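Before anything else, here is the set of structures, which you'll find just below.
First chain A sits with chain B, and in the next complex the same chain sits with chain C.
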Partner chain A sequence: MSEVRQTSRRATLSARLGPRTVGLATAIGVIVLIEILIRIGIINRFIVPLPSQIVGALPRIIAEENVLHRFAQTMEELLWASLLLALTGIALGALLYRFRLLRAACETWVAALAAAPIVLMYPLFLVIFGRSATTIIMIGFAAGLAPVILKTLEGLTRTRQVLIDVGRSFRLTPAQEFRKILLPAALPSIFVGLRLGLIFAMINIVGVEFLINFGGLGQLINELAERYDLPATYGAICFVILASIVFFDITGRLERWLRPNE
Partner chain B sequence: MRRSSGTSSWRAVALLRIAIIATVALAWEMLAASGLLFRDVVPSLGVIGSAVVRLLGDEGFYRNLLITVGEIAAALAIGGLAGVGVGILLGANRFLSRAYESLIYYLGPTPKIIFFPVLIMWFGVGSGSKIAMGVLSCFFPIAISAAAGMRQIDPTLIRVGRSFRASIGQMIGKVYLPAMREPIVNGVRLGLGVAIIGTLLAETKLSNRGIGYLIIQAYATFDMPRMYALLIVLFTLAIGANAMLGGLARTSSLVPVSASTRMPVQ
Partner chain C sequence: MGAASGTRALDVEHISKRYASAGGPVTAVDDMSFDVGPGEFVSIIGPSGCGKSTLFNIIGGLIGDYEGRVAVAGATISGTHPAIGMVFQEESTFPWRTVVDNVAFPLELSGVPKRERLERAESFVSLVGLHGFGHRYPAELSGGMRQRVAIARTLASEPRILLMDEPFAALDEQTRLLLGDKVLQIQQQLRQTTLLITHNLTEAVQLSDRVLVMTYRPGRLKRVVSIELPRPRDSEVVSSAAFGRYVAEIWQDLREEASRGIQEDESRVLQRGRGK
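Then we have the complex of A and B:
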């Protein structure tokens, strides 16, 4: 019996690993093909640098361009934005939950805000906050706010009535009811919202850094491109993509850990 | 009875909305008059209103709007076709999906604007690089939605198509696409949102025409009323287009996709 299970497990493992290997092999194959096409002159090497050159530029980006320091700078901006997001977003979501009339009046507005291209307001933020980290943090905050509010509201609304009734039978004050019953019950949904908000914030923070040429990783790409240092530009782009993939993956794992039943 | 309570609550909501808007407007006017911020940063509502009217009467605005709309339409056409094609392939074939879908899934929520310097080198400083930016932005949400949509097609429909010996083109045109209408419309809706962002951000970075250029130009000349007017018109158009596509998706389904739960892709 256990042998059968083991073989079937091995079979599913290989069924899963097979395609992954093919995916990885394709990526490597494409990179090798580009290298060859550049070397034989079909792709212009002044437009696309050799992949081997890009790999060669990576130590230079780390040592000379302080990429790790810039990464920390971007992360610091993200941290401030996420603090603002958590405090304001959860509070506003709870406010809309508490006052039904307010919710009826404002929920569609918040949903419309989620669809609005907020990052395009960055020149306005530049005028108000100057060319500073504050502008970048505020854009990240504004871009991620709507999902946090909506998901907090959704989580609080979906709290099981029986839990609320238990709290009432213990005569909890509204503040106690919120802290001990509503908030813990809504936490998984709030985290989904926070993760969405954080990802929006991260995308917009790096984007605005690039656009206003200020701050961490985004500015690095802008500077390298303006210096026409092609291998380093491509290398820095790869670094940012990798960093955001890792960020996306870690927050995804956290989210699954928080809501294992779904 | 129920009807009257419904009407009264509707009236209360409307009143509250008017009260909120009035409060915000009042606070804005007070801030504009207070001089706490530089005078031009918060112009009074009357100034902004007349700037909107001036903008809408300006022929140059429509010329630039047409350019931006054309770029976004081209981006959506190219990225949409590519996204739907890739989505159908990934949704139809388990092996391909396992091999490549995680690539799309992970590349989706990365900041696309950082590719702009590269796109300028590939497609030039004109409309080409803006369209490419839009394509890069909208491809991912559309491909992900189309792949998910392909997987939720009722297998009976596919079997019926096969039993009629439909060719691949007929299968796509007569079975797959009609059955996937709702997820595709929703994907296009998300794609449109990020294509607008991608194209306009590219225009603000390096361009000499388009709405993004007008916005950054208003910033450079510190014409704040005009910048507010541009942003108001742009947001109205973007939210309106989104709501229209949302309505289109809803006609085929009773369950709308919530804007808050969309994949963050840009």
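Then we have the complex of A and C:
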């Protein structure tokens, strides 16, 4: 019996660690490959620095460029943008689901918004919100809004009719139907939308920080690029990737907490 | 034919339902009348497309705009009613809730305190034979187990009438027979008034006190067969000679209707083909 338990524990552990190990090995493999390609001259080292140089630059940008503080700044902006995205995007998606006319009128516009280069509208946001973190947050929010709305709408629309009928048979009020059936049924799709929204928000937040030379990692990348300090620039980009990983991990945990069976 | 006057749990009187379609109005159910007595198990059987599910939705209150009257204990109802609990043909458990949380759902809606509702839900989980599975999610269960969760959830709302629409349709024959046993056992234990919509002959005879046979489109009541098999029953009953006679008797009526249904479907397809 204990042998069976041990085998099953081993199987669970390998199922959990397997993908992570493969992922890490792939990343290391790609980095080593880039290092080799640069060293043998296939990739120009004046455009792409050696990965070993980037790693070597990390202590320097931590100590001299205050990267951790800037990382925290970008994370804070992303956090506010994602909260706004979740609250507004889910509410608007629910509104489009509830009112068919509104949906017919707006769905195409919302889809078009997803393709719009919001970041190019930064002068307008600067006029409205000034050269501040609010501008950066609002651009991130506007850029990530469309996928959250569309995926929320998709999740609600795809809720199986029989689940809605169960709710009706128990005489749920519309609010109860939304809270107890529609929303939990749509959660997987909503989280897909949130992740997409976060990607758009992240790109735009760092992009605007870069463009208006204000705030966190984007501003740092701007400054380092101006100095043509390529290893440090790429090092700072690594922190942007780290911010994405942290947020994806948080949303993944949140989803598993809300839908533990998924 | 039916329960004695004044003791009826459910009355269905002159129910008709018409739908608008491209080819003009279609009558799905036409002048259906019957009743179900307290504690009685009645099945409605008919060929596919005879309007059984329409009738299920009308009685359950999910479809409005019909002619006729549905009454619970003599009082006319419109829309969904707390006395009627519905079990659906499709898999209808909430995948994000555990078995016990699924079953506790109606109790949660009634505001029963958490501890009490979980205790009561556990007792219904045990009643449908799923003791020990309370903290599993539906995705971890088989189709038959999930359907038992749906039945337990409906029973937890303590309906006076249990209305089931082909709840075992998606299951294999053996599971269907064994689940039939379970339903019989529960029905006999709770003296639960039950109306079962089905297209399965053996299921109808195995479980019912009366079987109502419907015609193919438009769905009308063709015949009522009283099943005089002894109770308590279980799936052993299917091997008895009397069971076979009932099945043969109902099949005679059903075969006519099913053949007519197939012929009409074929001629509709041919007409559509010519129209093109």
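Methods note: the second predicted complex is superposed on the first by the 175 of 262 C-alpha atoms of A that agree within 3 Å, B and C clash if a C-alpha of one lies under 4 Å from a C-alpha of the other, contacts with A are read in each partner's own complex, and residues count from 1 in each chain.
The definition used in the following text is that a contact is a pair of C-beta atoms (placed from the backbone, for glycine too) under 8 Å apart; a residue touches a chain by one contact, two chains touch by 3 or more.
In this text, all values refer to a predicted model and were calculated from it rather than measured experimentally.
Visitor: One more residue to check, A:Phe178. First (chain B), second (chain C), both or neither?
Guide: A:Phe178: touches no partner chain.
Visitor: Where does A:Arg160 make contact in the superposed view: on chain B (first), on chain C (second), on both, or on neither?
Guide: Second partner only, chain C.
Visitor: Which partner does A:Ser169 contact after superposing on A: first (chain B), second (chain C), both, neither?
Guide: Second partner only, chain C.
Visitor: Which partner, chain B or chain C, is in contact with more residues of chain A?
Guide: The partner making contact with more of chain A's residues is B.
Visitor: Thinking of the overlay built on chain A, is A:Phe71 touched by chain B (first), by chain C (second), by both, or by neither?
Guide: Neither partner.
Visitor: Looking at A:Gly207, would you say it contacts chain B, chain C, both, or neither? Reply first, second, both or neither.
Guide: first
Visitor: When the two structures are overlaid on chain A, which partner does A:Gly193 contact: first (chain B), second (chain C), both, or neither?
Guide: Once the two structures are laid over each other on A, A:Gly193 reaches chain B alone.
Visitor: Would you tell me the residues on chain A in contact with chain B in one complex that are also in contact with chain C in the other?
Guide: Touching chain B in the first complex and chain C in the second, no residue of chain A appears in both lists.
Visitor: Sort out for me which residues of chain B touch chain A in the complex.
Guide: 9, 12-13, 16-17, 20, 37, 41, 95-100, 102-103, 106-107, 109-111, 113-118, 121-122, 193, 196-197, 200-201, 204-205, 212, 215-216, 218-219, 222, 224, 227-228, 231, 234-235, 238-239, 242-243, 258-262, 264, 266
Visitor: Name, in rising order, each residue of chain A that touches chain C in their complex.
Guide: 160, 162-163, 165-166, 168-172, 176, 180-181, 184-185, 187, 258-261
Visitor: What part of chain C is in contact with chain A in the complex they form?
Guide: My answer: residues 60-62, 80, 82, 84-86, 88, 90-92, 94-96, 105-106, 109, 137-140, 154, 157.
Visitor: Which positions of chain A touch chain B when the two form their complex?
Guide: By the definition above, chain A touches chain B via 16, 18-20, 22-23, 26-27, 47, 101-102, 104-106, 111-112, 114-117, 119-124, 126-128, 146-147, 150-151, 154, 192-193, 196, 199-200, 202-204, 206-207, 210-211, 218, 221-222, 225, 233-234, 237, 240-241, 244-245, 248-249.
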